[in-house]
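Next up: some structures, all given as structure tokens.
First chain A sits with chain B, and in the next complex the same chain sits with chain C.
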Partner chain A sequence: MSDRYIKERKVGEGTYAVVYLGKQLSTNKNVAIKEIKTGGFKDGLDMSAIREVKYLQEMSHENVIDLVDVYADSGKNLNLVLEFLPSDLEVIINDKSLMIVPADIKCWLLMTLRGIYHLHRNGIMHRDLKPNNLLISPTGQLKLADFGLARAFGGPNEKFTSNVVTRWYRAPELLFGARHYAGGVDIWAAGVIFAELMLRTPYLPGKDDNDQVVVTFRALGTPTEKNWPGVSILPNYNNLVMYPPPSRQELRNRFPAATESALDLLCGMLTLDPNKRLDAGQCLTHKYFVEFPRPTPASKLPKRSERKESKD
Partner chain B sequence: MVSPKEETPLPPAKPKKVTNDDLYRRSTQYRYWSFTVSKLADLRVLANKKGLKSTHEKLDNLDPALEETKAVTSNGLDKFPFVTPTEELQIITYYARKCQDLANFFRLPSQVRSTAIVYLYKFYLTHSVMAYHPQHIMYTCLFLAAKVENSFIGISNFSNAIPRTTPDSILQYEYLILQSLRFSLRCHHPFMPLYGFYLDIQDLLPKVDLKRLTRSCDKAREHISESLFTDVFFLFTPPQIALSCLWKSDDILVERYLAKTMGLKKRQIKGELAVVKEVEKGNGVSSESASPDADPAENESNLLTPQQKFDKLMITIKKCAHAIEKNTCSPSVDEARRISSKIRYCLDPIRYGRRLVKQQKETATVVVQANSEQSRPSKSGARMADAPEGPSKRVKTE
Partner chain C sequence: MVDLDWNNVPKDMCPVCKTDKYLSPEIQFKINPECYHKICDACVDRIFSLGPSVCPYPNCNKILRKNKFKTQIFDDIEVEKECDIRRRVLSIYNKKATDFKNTEEYNKYLEEIEDIVYKLLHKIDVEKTEERLKEYSIENKQSITLNNVRRDQEYEKFIRLQKLEKQYKSKRNKLNRQILYEKSNLKNLEKMTAIDQLQESSEEKDPEAVLRSVKEQMKKRSNKYREQLDELEKKYLRQKQAILRNEKSPSKKAREASMKTPFTPFNGDRLSPLPYRLHYSRYKDPYVEKVVKNEQFKAGGYKIEQYYRRSLDEAFTGLNCFIEEEKAV
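After this line comes the complex of A and B, so read on.
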């Protein structure tokens, strides 16, 4: 046990970690302490834990969860002291008592993209973006969390696994089993989250991996060699139903509250060909972010009411 | 206890565009693992002292009644085979090279190999070989690096392939290594920057002979692999090392490329290089370029003329190239065996006592045999010929 932190209560337990709510004694600040089990694993320290430590140690950005400290306790457990983030975007999307206006969505998307931009500039892909991993601080700041699947961009000869990202947020190149991909997978996921924020319901909820392919391309059109050169050589590009790409009017009908720029940005983020998809920098400088309405200040964003929080 | 964020610099008051250099300065590789030459040497001396202390403690704890302890004491502690800082570095490098062989055996990518080797050197900035034998630490470093760099090998397969190891003998050091690495696992190696330069050179010098460029880059990769066995990782940034290795394989190309990036005309370069040579003579190698302590105000570099920038970079490149050549060491097997046996004595001083005792007895036997030699000359003659090969000779040379 550390003399600088105390663990107050257990709030969760995963395969490789137990999460405690605690306090940093010097500041009396709330912190989350992720105690990573080091013993009892056949292959030593868990890969997800290693990735989390590896990447969070390098990150320092207001839209990425802050790793306050790492310490070893007497029980030889590895403790990650993380900033305390009581809520997440999934909770907000699902709380139907909350009213969400376009300016709120703009702020959340902006914060998400800023975090992604920082990651990508540091050569890191998150590979598991979803509302549940976008945590919200007490002051309303959104922060990317859970780096258990993150990895660095690869060299020209490196092959990755395509089995990443939670199904509904999986980019088409991953659905096709690509062994080479880059930050585009995060942008796609953020695009799907953008859509989900507008719809207040998951945008591409595939029931299984095969259904995900159907759901994704029914909504956005099946890619062809014409709009995505090289797609046909990807491992899983076969037995596809060829859906036409949606017309602008169909998209307008699907997202009735979206402005034309919002739709432009959404389409840019959900471009099938990863080489043509917008990158984080292009998203951040998109006209959507400069047109009216201005994003809601983070501190004024809708929050889960206190009463509900205590019920948890 | 480690508090990784303590050294994080405060953000500037005015929002400023974050440059790639800024990003590198925020990396743990820069914040925790970049040193000046003298600081690095200090750390190693300190680690060595720690090792001496731990061996001394072990010596103090020996049972004074034992014959072996008496042998060690009467022999004199000044004769005890402690390992010197120079020997430490030699044996670490020996096992770093073994690590490379092992990584190649497992067909691991260069990223894993490099990270494992860097981990090994980092580990011995806070520990001494007198406390942990580098052979064991090396296995665990490679196993951990494979995990960190996405090339996971199961511990049973890993251990099965290495004689005299068990999963436990490898895993037992994992946590200690993590701690010694200050839980900072990410390593930036020069291979990626080299590939970047490879692309950028084609972009900037479109007429470049692609065969020559490819050949030079391949050669540079070899230099980079070799540079892992030197201190440059701790002294320079990865792009500096990459440029330096490329310069070692094709100086004309690199100088032309750099002149072009800095907006210098061809005619000017010659004069520049003369200047560089002058500076080099006077300066020697102090290699402080990558260290946080020698962090020159960034604005300063904006005030430099293209020529001055070119000069400055060339000096760094040459310093780095020099450091690679100067530091490369490849200890022989005999040398390694000699140091390794010293390590075993430091780790377990009673073994040294045992050796002394055995040696004393053997000397006595030889004396007895020598005395009886006159009566049976034929057999003992052969024994005498064996003697110099025996352990008594080896202990003397230590």
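After this line comes the complex of A and C, so read on.
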């Protein structure tokens, strides 16, 4: 099987996989090959590898990374052949030499939401959205990647773990330890990314899990039974400092460059109560995307001139 | 201390706070077209920041607003006044010579403008003249806006032409410099190459011919720049013509074209109709109902519909789907 691809060089290593830059021999196209380490796990394959294969093979969308192939090589290692995407949103946010205009932010958010919309309508939650996992193709298309934490919307008798999503992008219901949640966690993460794109610095950078609760609610107000019915029975809802919700003017001061409808969308995505939070379809039809300026065409988005390896 | 003569304020002094240019060189004076009394920047900020207020000059009594204050351009306040009035009148009386049948009528029109400006400036029949202006502006409302648009377009055209010319000139100068530089170098180079080639070439070759070929080469090189210069000029003339003919610049054209295409939030990929219909209300599952009533589910944002959807999708998407056909596609 492995005679169809060659691994050219190692570009990154994670706890359960090594990522290589490779080539598909038939088309001579660059691909990223993720070799799953099987040796160290006595229970067989790592869970995230299974998730990645399980959900990515169901997906085929412009804004979701393409799983080209899966094969086992001679060493009995599992190899995932993925689309090669040279950059990610984190690199762009951190590269201070790049100028980002509101139209660019609109395009990135639009592509992110299209990806999320596609996942959600197929019954899948991503559960690990962050700028680092939003990869950028050479043509400027943004693609959701790293499905190691993804799962399907489960039945009522299944308990999900609340220990998902990188801390800064974790929705309040997860902070409270909810075991039954839905796609709202992805929308929240996208909202925090939206804020980060405008600020060009992380919006809710908690130092640890407790600090994350403080940081989140200081910025957006502590939820109460009034604005989030039922919140008080969630496992970790205790010993909270009550912060008042931010006024519109405070938000305007925090995001001086945002238009009124941009703030509307941001507030809609960062609504504390997941039942009132906008869903992906509502976000996409929001007036923010229709108002001037139009989103920049993907091919004209700012990108780094030198190539950076896709990491995982 | 002598009282200030308000009718004759020293040139570099603010009569309100008595600051002058000698003690604070950064002082800036502002005037308001209501009364043209000069006040320094700091005083304008201080007096008018909280809203409209009365002019601080004694017996002036005009109500002034901060946003109307501007920097004086002409030293002579009368000239400043006339320019303001003229600008105002001309924005209403904005016809052009081409709008008239003959020169005589146009001259009459110009005469009228001068008349109005003069009267407004010297406060003769102000009310009557204002009335006249107003009447004219109502009568000619359409043509006024039209002419204003036309003027803006002309102005934009002018700016574009200026920009183009500037670019052209800088490019031309660069090429000219290159040519001059080449010229001084060419003579030396010609000598060197001739000597080199004469040394290398075998004896039976005619030295005259070698020299001639070297000369030819050098000529070609200097001609290359001349050709570039010609090309540049041609391009400049072409672009200039395009602007004069009122063609839009390519970038603007593209932008307008993109605005015409409607925005598609889902990129044409919205949820297609489902192969089944959902009736949550009619669907009774006592077990699920009991579970979902639990506050823990509600508070976490759990949506049973999404689970139904996924389960039904999984059940139905395979139907009516023929792998052979899909493969063919």
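Keep in mind that, in the parts below, the second predicted complex is superposed on the first by the 304 of 312 C-alpha atoms of A that agree within 3 Å, B and C clash if a C-alpha of one lies under 4 Å from a C-alpha of the other, contacts with A are read in each partner's own complex, and residues count from 1 in each chain.
Here is the rule we go by: a residue touches a chain if its C-beta (ideal position, glycine included) is under 8 Å from a C-beta of that chain, and two chains touch if they have at least 3 such contacts.
The model shown is predicted, which means the values in this text are computed figures rather than measured ones.
Overlaying the two complexes via chain A brings chain B and chain C into a clash. Once chain A of one complex is fitted onto chain A of the other, the partner contacts of A:M99 are absent, as it touches neither chain B nor chain C. More residues of chain A lie in touch with C than with the remaining chain of the pair chain B and chain C.
By the touch criterion defined above, A:M242 reaches neither chain B nor chain C. Look at A:F289: by the touch rule set out above, it reaches chain C but stays clear of chain B.
Using the contact criterion defined above for the overlaid structures, shared-chain residue A:R151 touches chain B, although it does not reach chain C.
Once chain A of one complex is fitted onto chain A of the other, the partner contacts of A:S60 are limited to chain B, with no touch recorded for chain C. Of the two partner chains, chain B is the only one that A:V70 touches; chain C does not reach it. After overlaying the two complexes on the shared chain, residue contacts for A:R121 are found with chain B and with chain C alike. Judged by the touch definition given at the top, the superposed model places A:G44 against chain B, while chain C stays out of reach.
121-122, 152, 155-157 are the residues of chain A that lie in the contact sets of both chain B and chain C, per the superposition on chain A.
Across the complex, chain B meets chain A through its residues 1-5, 8, 18, 23, 26-28, 109, 111, 143-144, 147-148, 150, 152, 154-155, 167, 171, 174-175, 178-179, 183-186, 191-192, 195. Of all residues in chain A, only 61-62, 110, 114, 117-118, 120-123, 152-157, 173, 176, 178-185, 228-231, 233-234, 273-275, 277, 281, 284-285, 289-290, 294, 297 touch chain C in the complex they form. Within the complex, the chain A residues that touch chain B are 2, 4, 38, 42-45, 47, 50, 53-55, 57-58, 60, 66-72, 76, 78, 121-122, 151-152, 155-158, 160. For chain C in complex with chain A, the touching residues are 258-259, 263, 265-267, 269, 271, 287-288, 291-292, 295-304, 306-307, 309-311, 313-314.
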